[in-house]
Amino acid sequence: MGRTELSGFIATLNRDLSIARREGGEAFLAVLFFVLGALLFPLGVGPEAQLLAAVSAGLIWVMALLSTLLALDRLFQADWWEGTLELLVISPEPLPLIIAAKCTAHWIVTGLPMAVAAPVMALLLNLPPEGWLTLVGALLIGGLALSFIGSICAALLIGSRRGGVLMTLLALPLYIPTLIFGAGAVQAAVGGYDSTGHLALMGAITLSSISLCPWVTSAALKQAME
Amino acid sequence: MSDEAYLMTKHVLELSNLACRRGGRLLFSGLDLSLTEGGAALVTGPNGSGKSSFLRVIAGLIQPLQGQIHWEGQNAQKFSDNFRSALRYVGHSDGLQPVLSVLENLKYWSQIYGSSQDLKKLNRGLESVGLFDLSELPARVLSAGQRRRLALAKAIATDGRLWLLDEPTVALDRQSIKRIETAISEFRSSGGIVIASTNAPLNLSDCKALDISDYQWAEQN
Amino acid sequence: MNLSAAPKGNFWHRLANPARFERLARWLTPWFLLGFLGFVSTGLYFGLYASPIDYQQKDTVRIMYVHVPAAWLAMMTYSTLAISGFVFLVWRHPLAEVAGLAAAPIGAVFTALALVTGAIWGQPTWGTWWVWDARLTSVLILFFLFIGYIALRNAFDDPSRAAKSTAILAIVGAVNLPIIKFSVEWWNTLHQPASVSRFDAPAIDPAMLRPLLLMACAYLCLFFFVLIFRMRLELVRRRITALQYAQAGVSDR
């Protein structure tokens, strides 16, 4: 009985994962969209192998950004609609901790599968195999940052008239560093250069977003309650 | 004064000079209310007059324009941990996750509030609102009245000490209303405090009546 | 019951009164207008006429006097958004959020000006209308940050919610801007061949510095002139809305 420091985190993590599991396919729509990009780009720019190989790292990352953005709606929308969000805001559990749990669950449900699906994308877009491992690693690290940073924009837009497209507009500039270092890491690996510098920078972004974003998102949620 | 008498007159919840402004309108001001253990207040007033906002100000969802809230002698806005652990707010929305089962919904909140997750206790909470038979069903399939009862079960089963109920009996049939009233009385007799807003009939014995329109003044420019 | 009773002594508190702000604003406005006219005329004189031409770029370098200060002002305006957001969230000063609301479109225009003049500058120099160099790319991102701010403001019916959300957004954007700029520079050095030099002013000759600073002062005066004007406009607009609400409220009693 009683609360430990992490009990709210674990409880919320479990709950969000259970909900995602029960809702079944919905959570995977974002991953499907992610892989859809592998179909769209060759149709758009032509199937020439060398061209695709040159742009594949960036394309995969752009698709990862957009797919994460699409899935950001689900972060708070359901809880806001059902009224559980306001209960969490006034609960004795620290709100940033609960937000961190929700972002982590979001990453497990969207970011993680995307990283797993990335080799398929890499195959279809002709990314040289030297880059595959770095791609998966970078998407894992970066995906966590994307979920956390995106939570700020999702919180700012709760209950507004315009949802999805505006969220994209707000979040994409904030995603740019992750994109640059993530794609850079893969390109470095493909070129035979050392990608650890890029990955280290990505790691720094992820760590700082994990520790800082929940506080900002918490402030955004509180003002959304008024 | 004996210890018992002192405790009985000690005000656990004190609202002083509370004022709230929303959307540029001053909803109420100069509102004072004190409640002891087992006390209750029934908030009435026309629709849109600020009953919900009043409850939300106490809950901490809205910052008051001025005034203070004291819980057990402490300023609830500055030292909110104690207050939040004791507070259970049931607003217009039911606060349920549709895909989780009735019991799972309850279990989550008992984890958040740090109250006992003992199955017997949760089931007793469900029984008191007549939902024990439905405990394994997803909350999605409950009727509006049943959802309302589950929302109240959250307050009942998680050892709160202050209940803020916003129109708790909306969409409920008479039997459910009776159940709620019984639950409220039991809660109060164990020392809990209830503030409920309502337009529908809700029978609370020995409670203070608070009409929001008493605290509305014509605003001067 | 009048809750905001006697005016407090602090200058900023007194300024929160719209009537007082209006008086101060009306007094300041002509000075900023004069300042702008003065600075822009001397700046353009020195910039377009009485300053040396660049060895390589010849006369086209003169665009720099319009382009570079515009970029500076764009950055400064975003800082204004962030600072006013911070002031609003911490001290709840009502003028702060009005300042943010008024400044955002000005910033967007300065950013657009920087982008367009950047393109005009680039065309004769590099042969294309757009070059993805680090500075222009950062300015383009800044443009989207402004548009995002404006769009977020308009996304809410409740003005206080709009004000608080955009305040948070501006602060988040300001904190992220250095990170974004750093990553864009990094990206640029990765992908640009070394031969393409930075799309920058050549070594700053003092004769070139003068018109640059004059134009910067001109833009600054213009910024304050337009800002105060827009703030007054917004305060009047709010007063009208309040009167309309009051009229609707009275009719039901």
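All chains are identified by letter, namely A, B and C, in their written order; residue positions are counted from 1 within each chain.
Note that in this section a residue touches a chain if its C-beta (ideal position, glycine included) is under 8 Å from a C-beta of that chain, and two chains touch if they have at least 3 such contacts.
In this text, all values refer to a predicted model and were calculated from it rather than measured experimentally.
Distance between Cα centroids is largest for the pairing of chain C with B.
Centrality by C-alpha centroid: the chain sitting nearest the overall protein C-alpha mean is A.
Rounded to whole angstrom, the centroid-to-centroid distance between chain A and chain C, based on C-alpha atoms, equals 31 Å. Computed centre separation for the pair chain A/chain B is 37 angstrom, with centres defined by C-alpha atoms. Between chain B and chain C the centroid-to-centroid distance comes to 47 Å (mean Cα coordinates, whole Å). Shared contact sites, meaning residues of chain C that touch two or more other chains, fall at 160. In chain A, 226 are the positions where the chain touches two or more neighbouring chains simultaneously. If you check the complex, the residues on chain A that touch chain C are 152, 156-157, 159-162, 166, 169-170, 172-174, 176-177, 180-181, 184, 187, 201, 205, 216, 219-220, 223-224, 226. Contacts from chain B toward chain C in the complex involve residues 19, 23-26, 29-30, 65-66, 217, 219-220. Contacts from chain C toward chain A in the complex involve residues 89, 141, 144-145, 147-148, 151-152, 155-157, 160-161, 164-165, 168-169, 172-173, 176, 179-180, 182-184, 186-187, 190. By the touch rule above, chain A contacts chain B in their complex via residues 1-3, 7-8, 11-12, 15, 18-19, 22-23, 78-79, 81-84, 86-93, 225-226. Chain B makes touch with chain A in their complex at residues 22, 56, 59-63, 81, 84-85, 87, 89, 91-100, 104, 108-109, 111-117, 138.
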